[in-house]
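Structures for review follow.
Note that chain A is present in both complexes that follow, paired respectively with chain B and with chain C.
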Partner chain A sequence: MTFKPMLKFLLRRFVFLLVTYIVATTIVFILPRIIPGNPLAQMLSNLSRVAQANPEAIRAAEKTLMEEFGVDKPILVQYGQFILKALKGDLGTSISYYPRKVIDLIVPVIPWTLVLLLPATLVAWILGNTLGAMAAYRRNTWIDKGVLTAALIVSQIPYYWLGMIFIFLFGVKLGWLPVQGAYSQGTIPSFSWEFFVDALKHYIMPFASIVLSAMGGWAIGMRVMVINELGSDYALFSEYLGMKDKRIFKYAFRNSLLPQITGLALNLGTVLGGSLITEIVFNYPGTGYLLFKALTTLDYPMIQGIFVILIASVYLANFLVDFLYAWIDPRIRLGQEE
Partner chain B sequence: MFSLMIRPLFKNKKFIIGISIFIFFLLLGILGPVFYKVDPTEMTWDYEQPPSSEHPLGTDTYGRDVLAQLFHGIRSSLYIGFLAAIISSIIGTIVGSFSAVKKGITDDILMAITNIVLTTPSMLIAILIASYLKVRSMEAVAVILGLFQWPWYARAIRAQLMSVTSREYVYLSIMAGYSDTKLVIEDLLPTIATYAFMSFVLFINGGIMGEAGLSLIGLGPTQGISLGLMLQWAVLLEAVRRGLWWWFVPPGIAIVAITASLMIISTTMDEVFNPKLREE
Partner chain C sequence: MKNREILFKMENVKAYYKLEEVTVKAVDDVSLEIFEDEVIGIVGESGSGKTTLSNVISMNIMKPLTLVEGKVFLKINGEFEEISSMSREEVKKKFWGKEITIVPQAAMNALMPTIKMSKYIEHLAQSHGIDKNELLSKAEKRFEEVGLDPLWLKRYPFELSGGMKQRAVIAIATILNPVLLIVDEPTSALDVVNQKIFLKVLMQMKKMGIVKSIVFITHDIATVRQIADRMVVMYAGKIAEISPIEEIVQKPLHPYTQGLLNSVLTPEPEIRKRGITTIPGAPPNLVNPPSGCRFHPRCSYAMDICKEKVPPLKEIEKNRKVACFLYMEERK
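This part shows the complex of A and B:
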């Protein structure tokens, strides 16, 4: 077995994602400069509102911002500076938390988002695909119909609305689980058992709302995929050969997983968007909540910074999925097909 | 020919259920505000009242009638959904068919753009653009959402057209001296018509969901009432944690019912027109 074709595939994907990332950051850079109404002026007027009547502080902040945006320089120089700084991890200074750096504000919230998003997405993907495949295997039985109907409805429930319903039912009405945050107010995150239990209690509802509503879509997709596979020539041929149903199903299942992995990559953005909003509903201290605060105070350096990082992580995740795909799909691994 | 396409759909129970739910909500949106003449923006002292005969779905913190808001919200959300779907469908069809027909460098460039937009999280870009717009009309929100959800459709249209143009009946039509327009109308369009319609339906979903998401993050339409805005107000004013269920449950149900009915319509169409999925 040779790894050359796989490397070629991965290299190609990497270059593509890099180009895409450059395009995306360019959009992040250009937008505030082409949208009418001069966001910079807006930013400064906001600053005076946030920084509360300390003329010296405002002036200092103004100077920092002017320098950071480099408005007096030609646009290409500004662009070059923006990219260079972003590569160095310098995303500018926050307005609402002046004089703190954007990157210092974003880094602490990222783990919270990852801890929620990654397990929830994976669990939803696994459960959804299993259910969908089961439904396809028992085609036209009540299991199939039940799974399909439930999946159709559940897949259309926005994560955050399901979150609201959960908060209302299990938090407010039944009082089983805490209604907001990622841990109780007053406790300090630490690696103690008490904190872990407390965080876990806060974790259940946001996690469950994402898993449950994300599952439906995967189940629907998987069901169609497996049914298609079961109707394809190789499945029919195996059937005529007298192969056991279970065995044919196993082949169909494995072949159907591949497009679902691609689907995972394509859906990352949607999943991320949905979970960011779920964080807002739960007052969960992740990236979504920070973004929400930045948006309400029109803290543009922070908004830009969050986007540069979020988009980069989506592409990175995409690349990881590509890697997984290349590793699983023998056609790419062995280079039989582009 | 048209009735030949439509007839099997109406023999399908699921399709009938889906389309009935959708038409029901469409009518609520269109006729609701006409018959239920309560001003959804009128503030009264009856604030945060649970459902009663006077306010069938209660009132919010400002004493505004929730049912009136719901009717207007359904109307705006559907409007935004349709508008976004029209925009996405037009862009997707143009990009997809140009790629398939022109081939070569045009194809390469268009597909590169399509792939870039496809990989870029559309919701994030929508949030970013909306954050720079101080005033956001319903139309602006629809445009922002419509601009980024077309890539998968463009790719599918391209793939379908490419496979169709290499089929024999198309060659025959060309040999028979069909003009380009006649070729497109008689041979190419019918093959992508059902797919285009199914995608249009899903684009409406994308628009409605996208509007709700944008609104919740605080970037929805700056004027009017939509289902997303209702949810946003409920979240901002802590309706959930204070147990005011009549405020945040109805708009959510409306969103889920509309989008699920459209989903059912789209999947049953797939079942009816895709021989492998057809129930024997």
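This part shows the complex of A and C:
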């Protein structure tokens, strides 16, 4: 691989990403503000109960709060402040968890989400693609039929429904696994063996529900693509030349993997956002769960904060994939030279 | 005439596509010999069974194509082997690449796109149990012979132009010195200049003894004239006429051949005088071909016997075979 075109290629991608990032964060700023409702209303009504409904005190409180969150200023000024602060790494103060900082709320839940979704996504991708390719290689045998049928069924099951079935079966009926949370209530996260085992028990069901439901789609896609590639001209010509079947299969596999990598990247990018519904179903303390709470309380700074991080991670994943892609497929790397 | 050693022969071959409800008789009772050191051009319109014939020659028989009847022989080390009695897998393992190689219709996309060609050669060496450096140096030589810089081997196929790709494909196809090379519509995607270069390369391969004989499948009569020693005209799954190339162009016997040649522009004055005509009608459906001679519904010379009996392929003049009652005793 020559170094210079690669560098140029990556630089171009980077500039492109920077521009789209600005656009995306702008949208994230605008969208929650379009949702009808006043984020401070909930807080003020709580306050009014405590403060024995002293209208003057409440009005004063509202004024301070509006200043604090900056919602009294024109929207453009708010936007400018948001960008400036975000650049400094300050994502603001949460409204629903006032006065805690958004960043302090997000950071502790990120590991939980990553630990759940990163392995689940990768395992589903690897298993699905392997099964799909195997089915294509042994086309029209019982392996192929078995994989295809299972994949079709599994991919159509919503993962949260699968999660609920799991909870009912293994949690409630059989009582083998805990039904909610990432660890038992009352335990404090630590690096001890006991905690690890406890967390693992909580981990199995959400992990399995995501892997199982995501795997089917990968397998179906991979199977079709490998079959397609095996019928292509280069596969035929290789056969006519007496190339071994295994090698031709490797070619087909390699060329089929390219689109699958794009899919994986898009998936990995959204990992930081958590799996919203899975986390709700299992009451799992991840970013998805946090986002759900923020959305229901119209916590602008929190919504923005989560998305700023999420979008950045999607872009990072995309960027890495471009890099990977250029490395695997010479047509992309060299095609943009001129 | 040069030596007439037979390299390949097929006898009364019927190869049908057996679909769920219908059977397509793509090659129906065809016998053919290919001699050593010759280029044989197989000509016919689309759907006449040319490609199926090439699949039979290489025993590339895959469902739904089925060899219903007939035998196929290939001479290997001086002896005929009945390759039709072997399975596709067996033929592939024993002969493909080494004895028979097919250059498929879409030769443009015939090379594995995401690896360098040198890597491809290495994989080929591995598959055949040959030392890879030996095959690589052979590939370099072969590239030079087809007029490509050996440095191109270190490139990806998509970096080559169309004509270069085609030559690279031929270089790689002949790398194991197959005795029989089958090229299927190789020139249809090329401009005239590249066509000419390509044909030259192909002839050179034969002259140098890298390949013994070439089967050239095309619907382009002009290219066949430039390269072939003999021409086989196929119509609706059957051979209409086999003849040395000059004689068939000067004096086509079968009415279909006449029609075919009349529909092509040629520079010769005597042919130019004839002008251009077309064959009326369309080729028949091979699921249910016409009775008797399959060409009779479109033939202006059709007689009663043509509707009832299938004309056999008979030698009318020296080296010329034709399947037409016009040249036979039975005509009355």
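Here is the rule we use: the second predicted complex is superposed on the first by the 272 of 338 C-alpha atoms of A that agree within 3 Å, B and C clash if a C-alpha of one lies under 4 Å from a C-alpha of the other, contacts with A are read in each partner's own complex, and residues count from 1 in each chain.
Definition applied: a contact is a pair of C-beta atoms (placed from the backbone, for glycine too) under 8 Å apart; a residue touches a chain by one contact, two chains touch by 3 or more.
None of the values given here were measured: they were computed from a predicted structure.
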| item | value |
| --- | --- |
| Superposition on chain A - do chain B and chain C clash or fit | fit |
| Which of chain B and chain C A:Tyr79 touches, first, second, both or neither | neither |
| Partner chain(s) touched by A:Tyr234 [first = chain B, second = chain C, both, neither] | second |
| Which of chain B and chain C A:Pro32 touches, first, second, both or neither | first |
| Chain B versus chain C as contact partner of A:Leu152, first or second or both or neither | first |
| First, second, both or neither for A:Tyr97, with chain B first and chain C second | neither |
| Which of chain B and chain C A:Arg331 touches, first, second, both or neither | second |
| Which superposed partner A:Phe323 touches (first chain B, second chain C, both, neither) | neither |
| Partner chain in contact with A:Arg254 - chain B first, chain C second, else both or neither | second |
| First (chain B), second (chain C), both or neither touched by A:Lys244 | second |
| Closest approach of chain C to chain B (Cα atoms, Å) | 6 |
| On chain A, the residue positions that both chain B and chain C contact, one per complex | none |
| Chain C-facing residues of chain A, complex | 232-234, 236-244, 247, 251, 254-255, 328-331, 334-335 |
| Residue ranges of chain B in contact with chain A within the complex | 115-116, 118-125, 127-129, 131-134, 152, 205, 209, 212-213, 216-219, 231, 234-235, 240-243, 245, 248-249, 252, 255-256, 259-260, 263-264, 267, 270, 276-277, 279 |
| Residues of chain C that touch chain A when the two form their complex | 58, 60, 92-93, 96-98, 101-104, 106-115, 123-124, 126-128, 156, 158-159, 169, 172-173, 176 |
| Chain B contact footprint on chain A (complex, rising order) | 16-17, 19-20, 23-24, 27-28, 31-32, 35, 37, 39, 42, 140, 152-153, 155-158, 160-161, 164-165, 167-168, 171-173, 179-180, 220, 224, 227-228, 231, 266, 268-270, 272-274, 276-277, 280-281, 288, 291-292, 295-296, 298, 300, 303, 307, 310-311, 314-315, 318 |
